[in-house]
Every structure is written in C-alpha cells, then in structure tokens.
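Just below sit the structures, each encoded as structure tokens.
Common to both upcoming complexes is subunit A, partnered first by subunit B, then by subunit C.
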Partner chain A sequence: MSFWDKMQKIDRRIIYALLVIVVAFPLIRPLGLPLSYSDTTLKFFDEIEKLQPGDRVLISLDYAPSGAADVHPQTVAVSKHLIQKGVKIAFVSFWEAGPMFAEQIMQPYLDSGELVYGEDVVNLGYIPGANSAIRSFGFDCVGSAPKDLNGKDTASMPIMQGIKDCRDFDVVIDFVMGSPGTAAWVQQVQGPLGINLLVGSVVVEVPASMPFVQAGQVKGLLQGLRGAAEYELLSGSAGIAAAGMDAQSLGHLLIIGSILVGNVAYFMSKKQPKNNKQ
Partner chain B sequence: MSTDPWIWIMGLLMLGIFSFLIKENPFYRWVEHVYVGAAAGYGLSMGYNNIINQAWDPLVVQGKLIYIIPIILGIMAYARFIKPISWLSRWPMAIISGAGAGNALYGATNSSLVAQVKANLLPLNSFNNIFMVVGVLAVMVYFLFSRDQKGPVKHFASGGRMLLMVTFGVSFGNVIMGRISLLLGALQSIFGKWLGIISL
Partner chain C sequence: MRKEIPIALSFLAGIIMLIDSFTPGNFAPRVELSKWLIIMSAFMVGIASVNLVRIHGANVISRRKGWFNSFSLLVMLVAFTYVGVMKYSYPEVETWKVLFQNFYDYIMSPPAAVMYAIIAFYVSSASYRAFKARSVEATVLLVAAVVVMLGKAPVGELIWSKFPVISSWLLNVANTTGQRGIMIGAAIGGFVTSLRVLLGLERGHLGGV
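Up next is the complex of A and B:
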C-alpha cells in the first residue's frame, strides 16, 4: 500500500482523537485569535440597543439539548444584555425542552433578587402544536398561554398587562435549531402582523434563514456559537462562546487540512498506476 | 474538580456517549437508553402539564364549555387503539391536517413566495444586485424541465447548477461548524464544570 493509499485510509479514530486534542488545547491555553463581527450580528445588536428600560421582549426557545451547545450561549448572552438594560422578558417555547432552558437562565437572577417573577420575567412554558401553535400564540398570547410553566395565571401578571398579540412586544426573538422555528415565525406571525423579529440560529439552519434576512422579514441573525461570541464581545461581557472561538478556529483548520489531504491523496493514488507502468 | 454528584453523572454520561467513537459497547448503549428514557419522561410531564393547563383548567375551573370540542377530538384520536371504533381517529387527524395545510398555504404564499419575489426585484445598479438577480434566474432555469436544455439555456442552467453546488458547500461548511460547536460545548462541560481545568 502506497503512502497516498494509506492517507486515504486513516483510521477514523485517529481523526477523532486529533479533533479532540485540537479543540481541547485552546480551551486550556487560549491563543487569542482575532474575531470579526458579521453584518447580521451587528444588525441584531443594534435592534437590541434601541430598546429602553421597561420595554418587553418575547423570547421563543425552540431548541433541544442536542443543539444547545450551538444556540444556548446566544440565549444566555442576549438575555444578560436585555436584563442589564432593564428590559422585561417573556419566555415561551414550541419545543418541549425550551422551558428548561428558560429556567436555567432566569433562576440565578430570581435567586439574587435582581428580577421579580411575573413582573420582570415570565416562563410561559411549552405550547404544543408547532406552526398552528405559533400562529395561535402570535395572535392571542395570553389566550394561548393562560398559565405559566408552574400553573400560575398569566393574565394577572404585570409583565403580560396590555399584551394582546405579538405586536405588543417591542421585539420578538426566536432562538432556533429546526422546525418549528424561523420559517414558522415568519410565515405565521411576522408576515400577517409585521412584528419586529430577530433570530438566533444553530449554524446548520443559517442557509435556510438567510432568505428571510435578505427580504427584511428577519431584522438580525446570530449564527451559531460564533454569533454568540460576537454578541458577547459587542455587549461587553465575554463568556463561554467567546472562550471557545480559538478552539473552533483550530477545529476548522484540522477539517480543512483533512479535506485537502483526502483529495490530494485521491488524485495522487489515481495517478500512481500510470507512473508504475512507465 | 466538581463535588456535585449531578455534574459527575453528567460527565460520566458524556464519556459514555463519546465511547461510541471507539466502537459500540454496552456502556454506550446503556447511556443511550437513559437518554431516551429521560427524554420520554420529560415529554410525558410536559404533556401532562399541557392537558391540565390548556384543557382541564379552562373547561372545569374556568367553565369555558367551548373547550369540550377540542377535548373530545383529542380523545377521539386515541380511538385508533380500539379496533371497532378506530375509524373515529381519522376525524381529528383530518382537522389537524386541514388546519395545518391551510395555515401553511397562507403563510408560505404570503411570506415565502410573494415576499421573496419582492425581495428579488432589485435595481440592477450594483454587482451584488445583478449577481443576486441573475443567480436566482439561473437556478430557476436549472429546474425548468418543460423544455430541452440546449444552447444558451443549457449554459445558463449550468451556471445555476454551479451556484447550487456553492450553496451545498456553504451548507456543508455550516454543518461542520455546528458539529464542532457541539463538541466544544461537551468539552467545555467536561473540562470546566466537571474537572475544573478551565474557568467558565
């Protein structure tokens, strides 16, 4: 077996091990590689910056633990920024695991007394029904979520006073990893009601969301963990996402290198029989 | 290193899942079953909460009688488990399908067709705009099957195919980026929350 044949048949476990080493190393010893801001993140940040203390934002948590590593840091960074600005947040979810992530974000602020439940923040829980549920909630928020996650009446909560439909929120943000998600929010709520919609998405979903950004239906887009890192730096509170950017860059380099080696090996091994004949 | 037993369980379960990379083994299968069971249990509790909050309370506590209709339809969906009356389950399914299709049709036409066409009616005064409009037309021509693709049409369609290839490449790149993020999240949990080697 020639060198190029061997290069094509590297044991996958060696590649896995290399990837783990390459990703783990900068976590332990950060390299401080530079990070630029994408246009969609800047637009997202600008929309949040326009909000005033007392404004209300709806955050729809449409993701599960399997994609949380890519999108949850976005939710954490944006929620932190909103809370610092004195903006009130209503969490809702059209994915079963969503309420759990809302609890994770709210609890430290509630424990420290920084936020008052029902006044500054509420967890409206999970509403089943995918696209139909999103439409129903979009047009009648309190009617579609009469009780919060803990069974308390939402109609009597100060944060929900005056909220009839999603237009009454100053901004609606959808953090999403699949369907129902961005398309459903755009088709069922943003289109008919013209809400101010921002999206934070797992990076795999970005190509599907881009047409909505291009058309102005989505005002800003955070793209995966990188989007979270950019937002953390813009809002001045570098966190878990920014810390992982070196590791992500090195991981990409390894994958690019593997693709190049694989392709070069393929073409070289195709050439070899000719060379042998000569 | 963490002293929280739940963090230890998290770390060990993560290692169990990662052990699949070496080869399938009983530890991996056990962790997989734990994950499926936990997710099913969580889903069950959320479903129970929803029945109480969205059906039982409005009907029984608030006396909203209109809720009887969806509740009966919901119960009818379970008729599929009783053979003599299993046909009853088709009614709620038909309503769900019909309402879903109606919603999707309206939303897709309005937001994914009309709005997207509008967004592509751009003034041809910059390279980006020209590239965008020509690119959309080229991809659409590639999917034009009602006539043979010969001559200039073939070249134009080939351009559309190239653009599609670039798009698939972008999607593939995004998938890699997403998967590395997931690995990164897992390693941050192992090295940070569990072993305490890095600060989070």
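Up next is the complex of A and C:
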C-alpha cells in the first residue's frame, strides 16, 4: 500500500482528535480574530434600535436544545439588548422545548427585580399545532394563548393589554432551527397581516430563509453563531457567541484542510500505476 | 359512510381555510377551527406518550436488547410528566419550578446538544473521505462549499478579503435562485395535493378506506 493509499484510509480517530484540539484551543486561549458585520445583521440591529422604551416585542422560540448552540446565543443577545432599551417582551413557542429557554432568559432579571412578570415580560408557553397554531396565534394572540406557562390568565396582564393580533407588537422575532419556523411565519402571518418580522436562524436554515429576506418579508436575519457574535459586538456586550467564533474559524479551517488533503491523496493514488500499489 | 363522512369533513375544513385566505379580518369558522386544531394537536402529544409506553414497556418486559435504554426513557417520561403537572398545579411552590427547570437544563438539554455536536465529527471525517472532486458537478459543489465556509468564518477574511463577498454572492444569488424554484415547485405541488384531498381524490390520510 502506497503512502497516498494510506493517507486515504487514515484512521478517523486522528481527525476526531484534531477537531477536539482545534476547537478547544481557542476556547482556552482566544485568538481575537476580527469580525465584520453582515448586511442582514446590520438590518436586524437597526430595526431593534428603532424601538422605544415601552414598545412591545414578540419573541417566538422555535428551537430545541439540539440547535441551541447556534440560536440560543442570538436569543440571549437580542433579549439583553431589548431589556436594556426598556422594551417589553412576550415569549411564545411553537416547539415544545421553547418555553424553557424563555425561563432561562427571564429568571435572572425577575430574581433581581429588574423586570416584573406580566408587566415587562411574559412567557405564553408552547402552543401545539405547527403552522395552524402560528396562524391562529398571529390573528388572535390572547385567544390562542389564554393562559401563560404557569396557568395564569394572560388577558388581565398589563403587557397583553391592547394586543389583538401580531400587528399590535412593534416587532415580531422568530428564533428558529427548522419547521415550523420562518416559512410558516411568513406565509401564515407576515403575508396576510404585514407584521414587522425579524429572524434568527441556525446556519443550515439560512439558505432557505434568504428568499424571504430578499423579498423584504423578513427585515433582518441573524445567521447562526456568527450572527449572534455580530449582534453581541454591535450591542456592546461581547458574550459566549463572540468567544466561540475563533473555535468555529479553526474548525472550518480543519474541515477545509481535510477536504484538500483528502482530494490530493485521492488524485495521487489514482495517478500511480496499479503494480506500484502493492 | 366510512368513506363519505371523512371526505365531507376534509372538504368542509379545507373550504373554511380557503375562504379565510380570501377574506379580510378574522373569518369566524376558521378561528373556531384553529382552536379545535390546537386542542387536537395537544391530544396527539398524549397519544404519542401512550405509544411510547406501549413500545418501550414491551421492550422492558421481554428484556429485549437495549431494554435498559427503554427503561430509562420510561422513568424520565413519568418523572418529567409528574414534575410538570405539579409545577402547573402548584405554581406558588418554588421547588417544583426549580426541579422542572433543572430536569430540563441538566438532564434533557446536554444529551440533545451532544447529539447535535457529534455531527461535527462526522462532517470532519466525511469531508476527508467522501468529498472528492470526482466529477465537474462535485468539483463545483466542493469549491462553493470551501468558499462559503471561508466566507462565513472570520479567519477567511484574514486570508482574502473577497471571500465574504463571493460567499454572499453564492448565498444571495445562486442559492436563492435555486431555493425560489424549489419553493414555487413545492407550493404548486402542495396546492395540487390539497385540491385532490378536498375533492376526495386523494385518500391516503383516511387509512386506505
């Protein structure tokens, strides 16, 4: 077996070990690679910056723990920025795991007394029914979520006063990792009602969301962990996403290196005469 | 009647949804139907739980291979449900709330995140072994993938400032063109299938009646 044949059959555990090293190293010793801002992140940030204290924002948490590494840092960064601006937030979810992410975000602010539940923030919980539930909620928010996550009446909460449909929220943000998600919000609510829709998405969902962004149906888009990192830097509070970008960079480099070495080995192996391959 | 009644119900529900799409404001029958759908979807969660208990209960009882995994699943299903019901029933008791959040944060979230993170290892291994420029199409895909990866990672900008520009072009022009085509095709397909269901020509959802 020639050198290039051996290279083609390299033990996968070596690649796994290399990946662990290149991802762990920058997390321990950050490299501080510079980060530019994408257009979609800047548009997202500008929409949030337009909000005034007392405005109300709906955040739909449509993701699960499996995609949280990519999306949750976006939710944390945007929620933090909204709270700093004095904007009121209503959380809802069409994925069963979503409400617990809202609890994680709200709890420290509620414990410190910075926010008052029912006035500044509310967790409307999980609404089953995918696209139909999104449509129903979009057209009749309180009717579709009459009780919050803990069974309290939402109609009597100050934050929900005057809210009939999603147009009554100044901005609707969907943090999403799959279906139901961006397409459902655009087709079921944004199209018929013309709401101000922003999206934060796992990076693999970004290609599917781009037609909606270009059509102006989605006004801003955060793209995966990088989108979260860009938003953290724009809002002046670097956090876990910005710290993770170096690790992601080196991870990408390793994968690109793997592709190149794998291809060189493949072509060199093909070039060798068959009798040399013994 | 086993055939006619479900077809008539499907037609009625579909027509209500269709009328709603062409009616300004809230079409009352659609509002009511949407509430029914939410309730039915909630019941489906219950049916799924019963199904899980049946399948995994049988695994445990007959000591099939991996029965301990089934047992763990059943224990967590019961524990999570119990804590969740107690949390909802006694919202003033902080213990149930903290316990439920801890179940979620420290038992459910880590394995789910790990399952997703493991993909990185498969991707790195597969990129080495399988991502080969064997044909023109494969080479185009390979080059596009490398450029997009470099364009999305900060290190790509350090290597060449044009990587993000080319990456954006690939995403905004080449990708979006294809995505639009897929969306329009899927929408037309969905419309045709819906029409067949409404007219009773498509009966797969009736369980072969």
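Here is the rule we go by: the second predicted complex is superposed on the first by the 273 of 278 C-alpha atoms of A that agree within 3 Å, B and C clash if a C-alpha of one lies under 4 Å from a C-alpha of the other, contacts with A are read in each partner's own complex, and residues count from 1 in each chain.
The rule we apply is simple: contacts are C-beta pairs under 8 Å (C-beta built on N, C-alpha and C of every residue); 3 or more make two chains touch, one makes a residue touch a chain.
The model shown is predicted, which means the values in this text are computed figures rather than measured ones.
Of the two partner chains, neither subunit B nor subunit C is touched by A:113. Touch criterion not met for A:162: it reaches neither subunit B nor subunit C. In the superposed model, A:248 lies in contact with both subunit B and subunit C.
Applying the stated contact rule after C-alpha superposition, one finds that A:263 touches subunit C and leaves subunit B untouched. In the superposition on chain A, A:27 makes contact with subunit B only, while subunit C stays out of contact range.
Using the contact criterion defined above for the overlaid structures, shared-chain residue A:217 touches subunit B, although it does not reach subunit C. In the superposed model, A:240 makes contact with subunit B only, not with subunit C.
In the superposition on chain A, A:53 makes contact with neither subunit B nor subunit C.
Of the two partner chains placed by superposition, only subunit C is touched by A:139; subunit B is not.
Under the contact criterion defined above, the residues of subunit A that touch both subunit B in one complex and subunit C in the other are 16, 19, 23, 66-69, 96-97, 100, 127-128, 130, 132, 135, 151, 192, 203, 206-207, 211, 214, 224, 226, 248, 251-252, 255.
Every residue of subunit B that touches subunit A in the complex is listed here, in rising order: 21-22, 42-43, 46-47, 49-50, 52-54, 57-58, 99-100, 103-104, 106-108, 110-112, 115-116, 118-119, 167, 170-171, 174-178, 180-188, 191, 197-198, 200.
Within the complex formed with subunit B, the residues of subunit A that make contact are 13, 16, 19-20, 23-24, 27-28, 66-70, 96-97, 99-100, 125-128, 130-132, 135, 146-147, 149, 151, 183-184, 186-188, 190-192, 202-204, 206-207, 211-212, 214-217, 224-226, 240, 243-244, 247-248, 251-252, 255.
Subunit A meets subunit C in the complex at residues 8, 10, 12, 15-16, 18-19, 23, 33-36, 38-39, 64-69, 96-97, 100, 103-104, 107, 127-130, 132-133, 135-136, 139-140, 143-144, 150-152, 192, 203, 206-208, 210-211, 214, 223-224, 226, 245-246, 248-256, 258-259, 261-263, 266-267. For subunit C in complex with subunit A, the touching residues are 21, 26, 31, 34-35, 37-38, 40-42, 44-45, 87-88, 91, 101, 104-105, 108-110, 112-113, 115-117, 120-121, 123-125, 127-129, 131-133, 142, 145-146, 149-150, 152-158, 164, 168, 171-172, 175-176, 179-180, 183.
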